[in-house]
Amino acid sequence: MTKVAFIGAGRIGQTIIYSTLLSGVVDQAIIFDILPNLPQRFKDELMHGLGSARINTKIFATNSIAEVTDADIVLISAGKPRQANQSRTDLFNDNAKIMIDFAKVLPKNNPKALFIMVTNPVDQMASVFMKYSGRLTISSGAQVENTRLRSFIAEKLGVNVDAVEGFTGGEHGEGLSIFWDTVTVNGLPFDEAAKGRLTREEVATYVKGIAAQIIAVLGGTAWGPATTMRDIIVAVSTNENRVMSIAAPLKYKDETIHVSRPTIVGSRIGPSLEKSLSEEDQRLLNAAADKMYNEYKELINNLK
Amino acid sequence: MTKVAFIGAGRIGQTIIYSTLLSGVVDQAIIFDILPNLPQRFKDELMHGLGSARINTKIFATNSIAEVTDADIVLISAGKPRQANQSRTDLFNDNAKIMIDFAKVLPKNNPKALFIMVTNPVDQMASVFMKYSGRLTISSGAQVENTRLRSFIAEKLGVNVDAVEGFTGGEHGEGLSIFWDTVTVNGLPFDEAAKGRLTREEVATYVKGIAAQIIAVLGGTAWGPATTMRDIIVAVSTNENRVMSIAAPLKYKDETIHVSRPTIVGSRIGPSLEKSLSEEDQRLLNAAADKMYNEYKELINNLK
Amino acid sequence: MTKVAFIGAGRIGQTIIYSTLLSGVVDQAIIFDILPNLPQRFKDELMHGLGSARINTKIFATNSIAEVTDADIVLISAGKPRQANQSRTDLFNDNAKIMIDFAKVLPKNNPKALFIMVTNPVDQMASVFMKYSGRLTISSGAQVENTRLRSFIAEKLGVNVDAVEGFTGGEHGEGLSIFWDTVTVNGLPFDEAAKGRLTREEVATYVKGIAAQIIAVLGGTAWGPATTMRDIIVAVSTNENRVMSIAAPLKYKDETIHVSRPTIVGSRIGPSLEKSLSEEDQRLLNAAADKMYNEYKELINNLK
Amino acid sequence: MTKVAFIGAGRIGQTIIYSTLLSGVVDQAIIFDILPNLPQRFKDELMHGLGSARINTKIFATNSIAEVTDADIVLISAGKPRQANQSRTDLFNDNAKIMIDFAKVLPKNNPKALFIMVTNPVDQMASVFMKYSGRLTISSGAQVENTRLRSFIAEKLGVNVDAVEGFTGGEHGEGLSIFWDTVTVNGLPFDEAAKGRLTREEVATYVKGIAAQIIAVLGGTAWGPATTMRDIIVAVSTNENRVMSIAAPLKYKDETIHVSRPTIVGSRIGPSLEKSLSEEDQRLLNAAADKMYNEYKELINNLK
């Protein structure tokens, strides 16, 4: 019996919910959105799809956050999208206030829930929500980038995506670290497997730049990230103990921040595997943590 | 080895493709759309999602219809959407011309393919494509309505969707026939199971009206129909022999038209099960066929 | 919520139970066997396997038939195996008495259940159980032979098993009818697809003789038939509406007998599709029904 | 494309092969056994089952070890079962000789394969095979015990097996270590969750003793362990990166031995997570490693 609450049913939220329910691991779903009729009509769509797929999930749609109760997992994708000319600081401020509001009501009504953050800036929103709720919160972190890294290398080298292993971490997005010493193709180190056919630089350019290219054509990324979110929920609810580059909480100086690193994801989150990384990869991770701490600290201090 | 070509990667096309590839039954996919970069960037999204889901489908994205070759199944969702003030005749004419163009190139390059029509008006487009291509073409027909019927009854009576059986047919959409003698709940006839709690009229109102309500809020139906399309592809490619209310070709007077009725869907399409329907349900089906023939005949005769 | 009771946990029973539970469609299972500790220790094995597979089926093991209650499906594999020198009449008499005993207690404690017979002689035992219980009973019939037919043709012609379609029916076992007009390979009629590479006779020899060859080496058939039983349970419990050559009840003269023919299997059983068979195939089916009636009539009349 | 070779098709071998192929992750399977006709007739059974399940695995059955080539994974279950009065030393000697023979031919014909040992005494046989083949070899180790621990606690506390987390390790079998600091129920430490309802001692008694009880009634354990083997193969072939208590190679003094501990299983094996265990749990693991080294050293030195 897994009960999952989805806070937000916009474009990315809908894609995550659809993908997750179709996996069959969710027994009960709560769908919340502030827009009238939106969760209700989306529930109809889901009921039709699940009916075809012969999946018996019970769905409860609501416009009232107070009706989101007793979930095992709460996934938050609600919030404002980044506007064209909006600064990162303004986006942080706008969405942080929303998270602080959620933190007042969701934790007490969902006393056993794990919280998964999707709203951007995702790692910082996870930290804000955790700070104000006092509850375990993770973000998908760089796990989406793991799948970009692996699928691009597989495509370019003509192997199955299952044959490519490798982790990314640190910051989510353009400041991403690629832990090159973890990247293998059919068990061979990347440099050896790719020699003469693909360079580290080409991989890094793709992994860091593809999101912007997708957004330019499709208006946003949705299908790739949504599948990753689904797989995080599946890993938690089936206690899969799968290693993923999620951003789990990290106590750093006087704050709890969220930094992506290979982490075991099951009914428990962790341990993280930074000690299994090479010295060079650990150095990258530590530099990222320091930078992320400083950025977060400045933002959270200036939040009014 | 199943190779599926998807003609069109708009909103509904993307949802169908995502859902179908995630089912794992497709070994090779071809994605065609005329918009530059659209199939290519959507392929990136899919690669990331499939990488997370550990599915090794090979995807080929193209803007050239001539590169769509050797598919086992060709699903066509390309075409113009209905404009606000557009008549049904104008929509028919616009999309029929597109189908006739496709019929010149797709059949000869895909000599073994089954063609599945999604473009609206869907049953008529299936007939047009089949007329001009000479190739077996089906449409999803009223199978989407089957899932709406079953999931609504399940929700209202508080049973699992698997416990509700029942078929619709005839016209796709508002002129739909519900074959009430096939509708059961936990094996009991609908009227007996629903007595005092749900009426035939309430069910019919929902099944025929819910699409418009979804469109009003979400801008279109996608998740429900896409899952049904996925399940038709799964049934064909795994030879599932599942009974579905698709619109298979029906020789009627001097034309081949597409009329929805319970039909066995596997590596072969059919037989259709109209003879297993009750007399009353057969009467509904025959009336629908006659009406659909007349409408189609007028449209196709006036097509220039 | 599907609750399945398994009556008998011998070699074939264990294989069916394992395969079925691993499919994930069963929420609650009851395992009955008269041997002390057998269902209990087998339950331990299953719990370990399901724990690995992350499936949460609740299992109740019992040596008391009175504790088998409220199942949606009751599958009966209990009974005596055929002894080396035992006549078919003696086997019928031995197991018919067991079925009559079960018919006194299982139906009233499982008022909504569908009964599925596995005990040999399987079609006759289904008829005996249905006669004495007054409850809908089916047997797997010739569905196992369908899979033998299809997999042998696929192997010999080098195509995927999904590409081969075809149904068998009539008697289960050596008197089996092959409905040749339903047999296709990639949509082509068998004779055309197999020309020069495989004959009807070779196929018939394999389909009718392979069970004996397997028994000679492995001591019994289990893995193949068990998977078929699993798929019948899956089709019923998920309302799959899959066409299978099960033996559903057939009113013939003054008796209800069980004769295999293509039948829609979902939350309801039927309709059967004999009317969709070719004239020649219908002739084979009718001859089989007549022969099976006569044999059953003689056996049931002489049963003391 | 995953190609898996199964060396041995006895009772446990058959159960593993069936379970693994039914998972759908294997594209090609090789089944080897020395008994004439055994792999061939078992292949027939599998073909029938996979035909029903619509899985297209290609199977090659052989009595010649030289025909086992180019596999990605080689699972070895062949060998002599322990006789009633046989000493552990005699069993070691008998099966070690078989492994040394296999080590002469399998590695060179399967240059990319991962080797998985199932033959008993399983951890020692893994070490012998790795010593003589020079190739990466793992055994299922204590992963079977993990599933026994988790499913027993779930059953006794009335929770889903997914809600119970916990690892065992060290020796496979009766000398097993339970890493109590990893055992949680719905995220709570075991002692807190189980207070007054279940003791550590009851759990340990079950986990260490249930195999003997199953053997006494069923003649051997098969269904539970086979599912675990399947899940190891699935984890490797889909690069699942799942944490399992397999026995991976451990360099200990002058030998490579196999000691069970939580280890990441994907397309690569490892890293092992002993450093994430509590101090007390690490102490248990180290003591086990030392004992296992001494036993293995004595056996391998006396092997003639």
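In order of appearance the chains are A, B, C and D, and numbering begins at 1 in each one.
By our rule, a residue touches a chain if its C-beta (ideal position, glycine included) is under 8 Å from a C-beta of that chain, and two chains touch if they have at least 3 such contacts.
Every value quoted in this text rests on a predicted model; they were computed, and no experiment measured them.
Fewest steps needed to get from chain B to chain C, stepping only to touching chains, is 1.
Centroid distances built from C-alpha atoms place C farthest away from chain A. Shared residue numbers account for over half of those found at the interface formed by chain A and chain B, and the copies are therefore classed as meeting with the same residues. Averaging Cα coordinates per chain places chain B and chain D 47 Å apart.
Chain geometry summary: the mean Cα position of chain C and that of chain D are 34 Å apart. For chain C, residues touching at least two other chains, in rising order: 1, 54, 56, 160, 162, 238-240.
Those residues of chain C that touch chain A in the shared complex are 1, 24, 54, 56, 238-240. Put simply, chain B touches chain A in their complex at residues 14, 18-19, 22, 37-38, 40-42, 44-56, 143-144, 147-148, 150-152, 154-155, 160-162, 210, 213-214, 216-218, 221-228, 230-231. On chain C, the positions that touch chain B within their shared complex are 1, 112, 160, 162-165, 184, 186-187, 237-244, 264, 266-268, 271, 273, 275-276.
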